[in-house]
Structures are given as structure tokens and as C-alpha cells.
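Before any comments, here is the structure.
Which chain is which? They are A, B, C and D, in the order written, and residues in each are numbered from 1.
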């Protein structure tokens, strides 16, 4: 049963990666990141349940991940807003000032 | 007075300094000071003369060291013996006369004061030369008289010929001085001293080898050759006539040119020590005398005739001195009168030659030309001048009982025992008488050949005629002190008290008088009576005449053989200096620069090329790899994930990693090529603006 | 067994919903729709948590993700609204490569599962996991807990600072 | 020594140079008078020094007014060590006098006045230092210090080809300095213990140097000094530098810098390497002879007045070399010193006079003038005076020195010297030749009224700066004994050292 959960998480993570790699919209990327976080969380919880059921460290970790993800989302979205304000757009493809 | 004899030269020096620095602006005062100084000097000289007579030939010497060195002590000092005393008198008298004469002659000259200051300076130098007690001092004054001669010849320096003549005089005499210096150096080396008496003592003691002594004698004589215008350095003296005539009288007739004779007389001991040197002196004197006399026969410039006459007479004196040295060197007990003859003639010649020049100056002053062909008949207008001139001419020709007779007679007597010398001496005496009277007749008698000049002619002012008369007096009587009948006359006087008396030689007297009279007679027939046409003679001896007229082409030869090549040589040296030596230096510089250029090229293209090559490789690589840094976060993420997957694959199946890696590279290249075909895709605006 | 089967049924159902909505999240053109599908996806994740007996986490998931983060996303989309409702291309030219990479990733991770040895322990989770989590957080993990609060504070301040219009 | 007079001599000009930096650069008058003051003080000090030395110390050959040795760079054993003897004192006198005169003569400089005077004072420091230093390191430092201001003085305020001349001068001299440095290092490293003390090395060097090393050091020192003198064939920098340099710089160049070469030989190579000196006596004398004749001949071909004077320097310094060849004769060495002093005075004055004319006529072509004697009597008088002095007319210093050189060299007893000297005497005639030609072509003859009617007579300032030189020239010519006495003990000692 555990493998099914892990596979699910892997699929979700892969989709998240796909999103991160392909979205132009910065918000889209953030959303894809959330997907990846969730995949990770699923993994954590799964491992907690099937491998170390004695304590709930996996879930605690998941909680921390959620918290961090929330913070990330907040800051990320603030940056997106800033980008939008300064660049008149949030197309991550155009924001390549670090280009060679 | 003898103790303060050093003051005699100092008076004119003071006059010079005062005139130059103080009274230059006041002409009357300047000339007055100058004449006053020489007058004091003259009076002092008389006292010195008296004192010297009183000492019976014991020379007086006073000396202070100039520079003391172990090798040599140079000193300044005075040395007064009878010869010096005589010379002092001669110089002061002639100089005084000339200065007074100049008052008239130089009247109205803009550089009047300077003229008198130069005359004073000259007198100082000449007197210093005379009283010097060593060869060093005599050389100093020797050079100083040369300087003043230079200044006075070129006094009218606006005339190119005058400045040329000054330069020529200076340089020519300096060539002689060259020998003089070497002679002094030799003396200093071998005798260790330059003091006359010490040198002569050493020579008499035989300290100096005879060979060296010959060299010393000849070298010192070189100085005399230059100063006394002896062959081959005589060329400057005729040119020196470009100076004012009183200057010619003073410097180039009476005093300075006599300095060479004085030098030979003074250092007679050296020549006595070396017969060869003495003979050289005598031969040079004879050659000069003959050559100059022959040239004088045909010259038309009144001053040039006198100038060649001077050269000729100086040659006489030199010859006499040389013969004396030779005779005594051969036989210490010889009764040669050469020394006495030379010095005696030096004195008498000074007076009558000064008179001749001053007379010529008076004539030139009257007619404003030097050319005798433009004169004639002037005796009617210039009584005193013509009279004094005739007296001087008689004197120089050696007519009894004028002073020239006594001295010339002694010179002829000095050649006794040397037939060749005697023959030429008499021949020269004949020529002298001839050209002097040729000059007299052309100038003062006959019809005026240039009426216009004749009409303007007039007798010169008193300031000019007074000296003429005084000198005429001396020309007549000065020689009497050397009459052979006097047992304590000039001859014993100059021999420093040693009794060298010899009886009169009547044969010699007679012969020389006949010669002189025949010379005068020839001139009389040709130029006064015009029995024989001068032109016919001229035609008859055309080549000889041309040769003489052109002064044996010696000037031309010097110009072609020495001066032109020397100047060309200097230019060549200069060229070589600028182009070869400096060229070498510049070549080194040029070569260094070129070398540096080569180094720079090497550095730029090879060394730096390697560095830049490395850079270029990096650039190329970075050009390729810069696409990795495309600034796209997503691309980075892609790479990270790809790599992470690769790592996992490698951990699981290393073989699978290879396929994975190949696949990634293929995909990456494919995508890169796609990107290349769509340049700057990232910048394409795909989103519509608000 | 029935429970197991039911839970499996639910698992597949939730998995299906989750995967489909996730795919929509990353592929739809309208970003707003994406956000809505994200909500759905996150709900299904909450369901998975319940299946995994993590009730507290599920609640937190709903509260934070569905309730806060998603709303935040929607706000952001609204604020940048002129991009939101256009049928514009939302994905870049990495799609092909990304598919390969994701497939590769998926295959390797799935494949690696088979190689891995899992020490599965078949014991129950503690009862009342909310209580337990609370206790653990306040005892063993009190320091990380406090640190996280500071992180949150920092994020909050940071977000405010970043999003302010005027310069401070 | 209570009163470090030598340090004052050296550093007062330096202080002056620094002080000038603080003056506003547009106040020309202030700058001029300040620099005149700062060179006047050393001049007075050098006069006092000469006076004091003459009356108190000239009887012995020791060094006086010694300062140090104070350790300077202890690692190298280099010391600050000054002192003077009979051959440095006349040089210091000359330096003090000519520096002041040159600075006053430079009052008509109007471009970059401040820098000019600063460099000039710096130059004076270097010159004074060279003549005082008794330590090789110090000597070398001063030797090089002098180059830099000279380079700028020629290169900035010079004539049309100033850059060329300045660079040539600088490189040439530097080239020589390197040889000197090598020789110094050889001496340093062969001495045990290593020392740079000149006095010590004079005493010990003949002992520890092998014959070959002596010759080596001698040749190297000789190249360095010969370039400075300049000895034929190292002389070609001189005409260029002289012609391009401003008047005052020419004066210093001729008056002092050239003397450093001969001074260096007398102070260093001759006494320190007596064996080599004996070995090379004849070649040196021949070089001197060539210099005399060659310089005179080339002078004769010159059309530029300044170049003529410059080449006459080559000729005149040839006399110094000739007498230096006659190492065994006190008279010859004294003659060399006399020639150095008198050449400094005479040629310095000639350059000043050339500058005076150039300031007015803006040309130095001899052929361009003629008959100036009628228009400028005083100037002509001075020019003739110094020309006569230059050609060795008695009554002037040039005669005394030439005569002593001749006598000393002739009677030195070294083989072949009589012949060499006899040939060198020819230089006297040649000198007369070119000097008189120059005088004739410039001052005698017809005066070109249209062209030069506007020329003005030499002014008071110029007269004042030239007259001390004239007075000294004549004074030495008439009373050489004091100068000779001043140096005699030292030179006798030097000759003893060379005879080791």
C-alpha cells in the first residue's frame, strides 16, 4: 500500500516539476511549487505511517513544511506583486536580467 | 731707481686701466694720460740707464715667485742689464714719439681714447717683455704684445682687410709661439728653471746635452721667427700695414718686431752652445733678408715697401746674431762682432725705421693714398717730412756718418769669414739703398703724377712733425755711441762690461759705403734722372718682376696648401663628428629603439598572443557556454532536475546513465539549435500590454 | 478488509482527482482556473492525509492551503488581473523537454522504489494524533516551533515590506 | 665640527627648492629673488669655506670639515660622509659662484618659472653633494640626483631640439653611470670588510685588487667619467646639450658638470687604482691630445656660435686629460685643476655672453653678424676678453693653466709625453684660429645697420653677472699662487698615492 502512496506523491511531484519548468506565469510557478510541497508532505506522512508509526515526527515535519510553504507563498506572492508593479508583467521568461 | 725699474712697465699699464675705466669719455685727458705715462717711463728709463752704466755690466735682478712647484718655479721679476736698459730707452722714446705723432695723425678718430689705451697697453707689454727676467715672463709679454698688435692692426676693424690682417698677424705669430712654448717646455724639463741667469749658467756648465740644446735653440728661435716676421712666417707683417701708420711705426717697425731679435740676443748663450742652432738662425735671417729686400724693390705701396724693408733689416740682425753664435760656438775666443752688430742695429733701426714710417704716415695723411705711383713732387709741399725722410733713407742705406752706417757696417763686419753671407749681405745693402731711394724719388721728387692729390697735400701739423724731427736727430746721432773708435762705446756696454773692443775695419766701411752709394746712384738714374726707364727694366725682367710683385706667391701657397685644406679638413672633421661619431651614438640609439620595437612585436604577438589566445579560447568557450547562463530560472531548474535524475540513474544503473546522458546531450543540442534559429526568443513579447 | 477496500477505493478516487486537477493546474491557460483546480487538488491531498490517519494534518491542510494559500493565490491573480482571463499561452517552450524530464524523473523514482528495501512496521499510529502532535510540538520540537514562528513573522514583515508601494 | 658647513652647502638649495613649491607660481619676482637668495647663501658659504680652508688647512693633505661617517644604510655599510680637501674646495667655490650667477642670469626665463628655479636649486644640491661626498653610495646618489633636474632643464626650457638633446644627455650619462656602479660594486665586494668609504678604499684598494681587477675597475670608472668630461670620442652629447640648453644651464653644464668627470678621476680612479693609472697613462694622454686637436678643428668649422664654444670645451677639457695622463707630475695635476677652474670661468662667461646676444638677436649664426664692435663696444670688449682668455692669452687664467699643463706633462718624465705635449701645443694655435675667426666674423668688419641697428648694449644685470668671472679670470692670470698653494699639499699627496 505504501508504494501506491509514494507513487502518488511521485506523480504529484513530477507534475509540480513540470509546472515549475513550463509555466510562464510566476503565480503558476508558485502554484506548481505548492503541488511539490504537497507531494513531499504526502511522502512524509506516508513514511510516518508505514515506517515509524511510533511517533508523529513525519506529521510534525509536514506541519513545518506547510508553515514554510505558507511563508514562501506569502513572500513569493509579494515578490510577484512587486514584479508586476515594476515590470508591467509577471512573465518569468522576460525576467532574465541575470542573463549572461 | 733700479730697484723700482718694474714700475716702468706699470706706468703705461696704469694709463691703460685709467683710460679704459675712467677717462674714456674725455679724449684730451685720455691721450694726455697716455703720453704722461710714457714720458715718466722715459725719464725713469734714463735713470735706469745711468744706474746700469754705473754698475759696469753687473746685471740687476729682482724676482718674486709666481707659482712654486717641485718640478719648476715660475717667477715674475725684472732683469736689467745693458741690453735691457737700451731697449727700455728705445721703446720709451719710440713709443713717446709715436704717441705724440698720433695726436695729429688720429685726429678726429671716433675711437681716439681706445687707441691711446691700446698704445699704452702695448707699451706696457713691450716694456714688460724687455725687463722680464725669465722665459716664462717673456712669453707672457710676448703674447700680450701679440694681442695689442692684433688689436691695433684691426683698429679700423670696419675694414675687412684690417680685421683679416689682425687675425693673420695673431695666428701667424702664434704658430711661431708654438715653437717658443715647446722650447720653453724643453728648457723647463732639462734645465729645471726658466730664469735667464740660471738657465745660462746651466747651459754654460754643460748640464743640457748639445742635441737638446739645438732643439731648444731652434724652438725658441721659432718664436722669434713668428714675432720678427722671419721666413717662412713673415707674411703677416706686410699685411699688418692695414693698421694706423703710427702703429706700424711703433709696433711693426721699431719695437715689437724687434722683440724676436731681442729674444735671440737675450738667449744668445743657448745658441753659443749649439752651432747648428746658430747656423739655422743665421741662414733663416739671410733668406728672409734677401727675400724681403727683393720684394721691396718692386712694391708700390709706400708702407709695404717699408714693411719689407723692416723684414729685411730684421733678417739682417738675426743673421748677425746667428753668425755670432756660430762663430763663438766654433771658437770661444772668436772676435765676432755679430752680437754687438745685431743689438746695435736693433737700436738704430728702431729710430730710423720709426722715422720712415712716421714720415710715410705724414705723406699718407697728406695725400690719402698709399700708392707711390700717385705721389711725386711732394718735397715742395712737405719740407720737413721730405727732409726727415731723406735722412732716414740715408741712414738705412748706411751713409756715413748717420747711425745706420755704424750698425750696418758692424753687420757686414760680422759676416767676415763667411763669404756667402758677406756677398748676400752686401747685395742686400745695395738693394736696400736702391729701393729706399726709389721710394724717396718717387714720392718726393719729380712731377706730381696725380695732380688732384697733390693739390690737396699739405704739411702735417706740429704734433706730427716734432716727432719726425726728434727721430731724425736720433737717426743721425744715435749710432755714434757705437763708433768703433770708442773704447767704451756701445759694443763694450752690451757685452756686459767685458772688453770686446775691436778696432775699426776700414775696408769693410769702404766697401759698404760704395755699395750703398751705388744703390742710391742706380735709383737716382732710374727714378730721378730717368736715364734708364723703369718700364723697360720691368719688361726685361718680366717673370722676375711678377714673381717679386707677388711676393714669391708665398701667401697664395699658404692659402692653397695650408689654409684651404685646413678649413676643408675642419669641415670634414665636423662632418665626421656629426655623422660618424655622433652617427654611431645615434645608431646605438636607433638600434636600441628598433630592438625594442622587435621586442615589443614579439611581446605583443607571441607572448601576449599566448595570453590573449588563452583568453580567446575562454571567450569562445564562454560564447558557447553563455547560453547556459540564460537568466531563466526555469532553465536552471531544468538543469538541476536533469542532473539530479542523472545522479539517481547513475546510482541505480551506471550503464543506464550513459544512455540517459546521451539522451540529455542530444535533447540539449537539439534545443540549442532550435534556439539558435530563433534568436532572442526570450525577448519576444508574447503578452499583450495593458 | 472492507475498510481497507473502501480506503483503497477512496485512495484511487482521490488520487485520480488529485492527479487530474494537478495536471490542470500546470496546463490550463487561464490562471484563474488553475487556482481553482489547485484548490481541488489540495482538497484531495487533505483526503489522502485522512486516509493516512493524519486528521490534524488534513485539517491544517484545509485550513492553510485551501483556506489561506489558495485565497492568497487568487488575490494575487486578481491583483494582476489583466493577465488572468486571457487565453494566452501560459507555458513556455520547455514543455517537450519538461515532459521528458518529468517522465524520466517519474520513471526513475518509481523504478527506484523497486530497488529499495522498505522496513515497513505494521503498528498503529498513536491515537488522537492532534493531542500527540500538540504535546510533541510543545516538548520535543519546541525550539523548531518557536523558530518557525519567527520565520513566519519574518515572512510577514518581508511580504509587507516588499509589497508596499512607497519606499520605506 | 661645530658648524656642518658642507651639509648647509648641500641642503640649503634643496630647502630653497622645497620652499619654492609653496610660493604662488605667478609671482615671478618673488620666485626669482627667493631662488637667488637660496643660491646666494651657499655661494657665501663656499667663499667662506675657501677662505677658511686656505688660511687654516691648506698646508696638509687631510680632509677637513668632515661630517660623519654617520650610518645611513647599515645593511650596505653606506654612510653619510662628507669632507673636502684641496681639490674639492676650488670646485665648491666654482659651483657656488656659477650657480648664483646662473640663477641671476635666468631671471629672463618667463615660462614655468617656478619649476625652472626649483630644478635649478635641486641641481645645485646635486653638484655640491658630488664634490663633498666621501662615500661611494652618497657620491653615486648625488651623481644621479644631478641628472634629473638637468634633464628637465634642457628638455623643457631648451631650444628647438630640446627633447633630443635632453634624452641624449640623460641616456649617455646614465650609460656611463652604470659602468661606475659596476666598478663601485666590484670594489665593494672585493673589499673585506665590505666598505663604500672612499678614503678607506684609497688606502686599501691597491692592496686587495689584483692587476686585472684594477684595470677593469679603472676602465669602467673611466668610461663613466670620460662621458662626463667629455673625452673624445664620448663627446657628442655635449654640443647638442649645450646648443639646446638655456643659457644658464649651459653655464652650469660647462662650468661645473664637465668638471665632475675630471674631479671624479682625481678623487677616485687615479689614487684608488694607481697601477692602472700608470698602465693607462699614455692612452689617456693620447685621448686628451685627440680631444684638444679634434675639438679645436671641429670648432673651427662651426657656424653656430654656441656650438663653437661647446666644441671649444671639448678641446679645453682635452688639456685636463692630457695633464691627468701625466699622473706623476704635481705641476701637471695642478695645471689640470687650474684648467678646470679657468675653463669653468671662461666658458661659463662665454656662454653667458652668447646668451646675451641670443636674447637680443634670436640667432646664433656667426655669419649673420658682422661689425658688432661698432654698435656694442662693451659687449665686444667682454667677448674679446674671454675669447683671448680662452685661447690662452697671458694675464688670464687660461694661460696659466695651459702653461702648467704643458710644463707638467712635458717634464713629467713619462715616456712619449714630450712628443704628445709638443703636438698638443698645436691646439694653442688652432684655438687662436677659431676664436679669432669668430671674433672677426662677428665683431669686426662692416656693420649691418638695417639688420642689427636695433641691438642694445649689454645691460647692467648681465654686466654684473659677467664681471666677477672676468675679474677672477684676470686675477688668477696674474696671481695664480694662492690657488696653487690652496691645492698643493693635496695634489702632492695625490701624486704620492698614484706613485704607489
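The working rule: contacts are C-beta pairs under 8 Å (C-beta built on N, C-alpha and C of every residue); 3 or more make two chains touch, one makes a residue touch a chain.
Just so we're clear, the structure is a prediction, and the values are computed from it rather than from any experiment.
Averaging Cα coordinates per chain and for the whole protein, the chain whose average falls nearest the overall one is D.
Centres computed as Cα averages put subunit B at a distance of 28 Å from subunit D.
Averaged C-alpha coordinates put the centre of subunit A at 7 Å from the centre of subunit C.
Centroids of subunit B and subunit C (each the mean of its C-alpha atoms) stand 122 Å apart. The centroid of the Cα atoms in subunit A and the matching centroid in subunit B are 116 Å apart.
Residues of subunit A found to touch two or more other chains are 17, 21-22, 24, 89, 93.
Counting partner chains per residue, subunit B shows two or more touched chains at residues 634, 638, 641, 686-687, 690. Across the assembly, subunit C contributes 83, 89, 92, 94, 97-98, 101, 105, 109 as residues in contact with two or more other chains. Looking at which chains touch one another, you get A-B, A-C, B-C, B-D. Residues of subunit D touching subunit B in their complex: 168, 171-172, 233, 235-237, 240, 294, 297-302, 329-331, 334, 371, 373-374, 388, 392-395, 399-400, 403-404, 406-408, 410-411, 418, 421-422, 425-426, 428-429, 432-433, 436-437, 439-440, 443-447, 480-481, 484, 488, 492. Of all residues in subunit C, only 82-83, 86, 88-89, 92-94, 97-98, 100-101, 104-105, 108-109, 111-112, 115 touch subunit B in the complex they form. Taken together, the subunit B residues at the contact with subunit A in this complex read 626-627, 629-634, 637-638, 641, 682-683, 685-687, 689-690. Across the complex, subunit B meets subunit D through its residues 65-72, 74, 136, 139-144, 147, 150, 154, 157-160, 162-164, 166-167, 170-171, 174-175, 177-178, 181-182, 184-186, 188-189, 566-567, 569-571, 573-574, 577, 581-582, 585, 589. By the touch rule above, subunit C contacts subunit A in their complex via residues 8, 11, 15, 18-19, 22-23, 25-26, 31, 34-35, 38, 41-42, 45, 48-49, 52-54, 56-57, 60-61, 64-65, 68-69, 72-73, 75-77, 79-80, 83, 89-92, 94-95, 97-99, 101-103, 105-106, 109-110, 113, 118-121, 123-126, 129, 132-133, 136-137, 141, 144, 148, 151-152, 154-156, 158-160, 162-163, 165.
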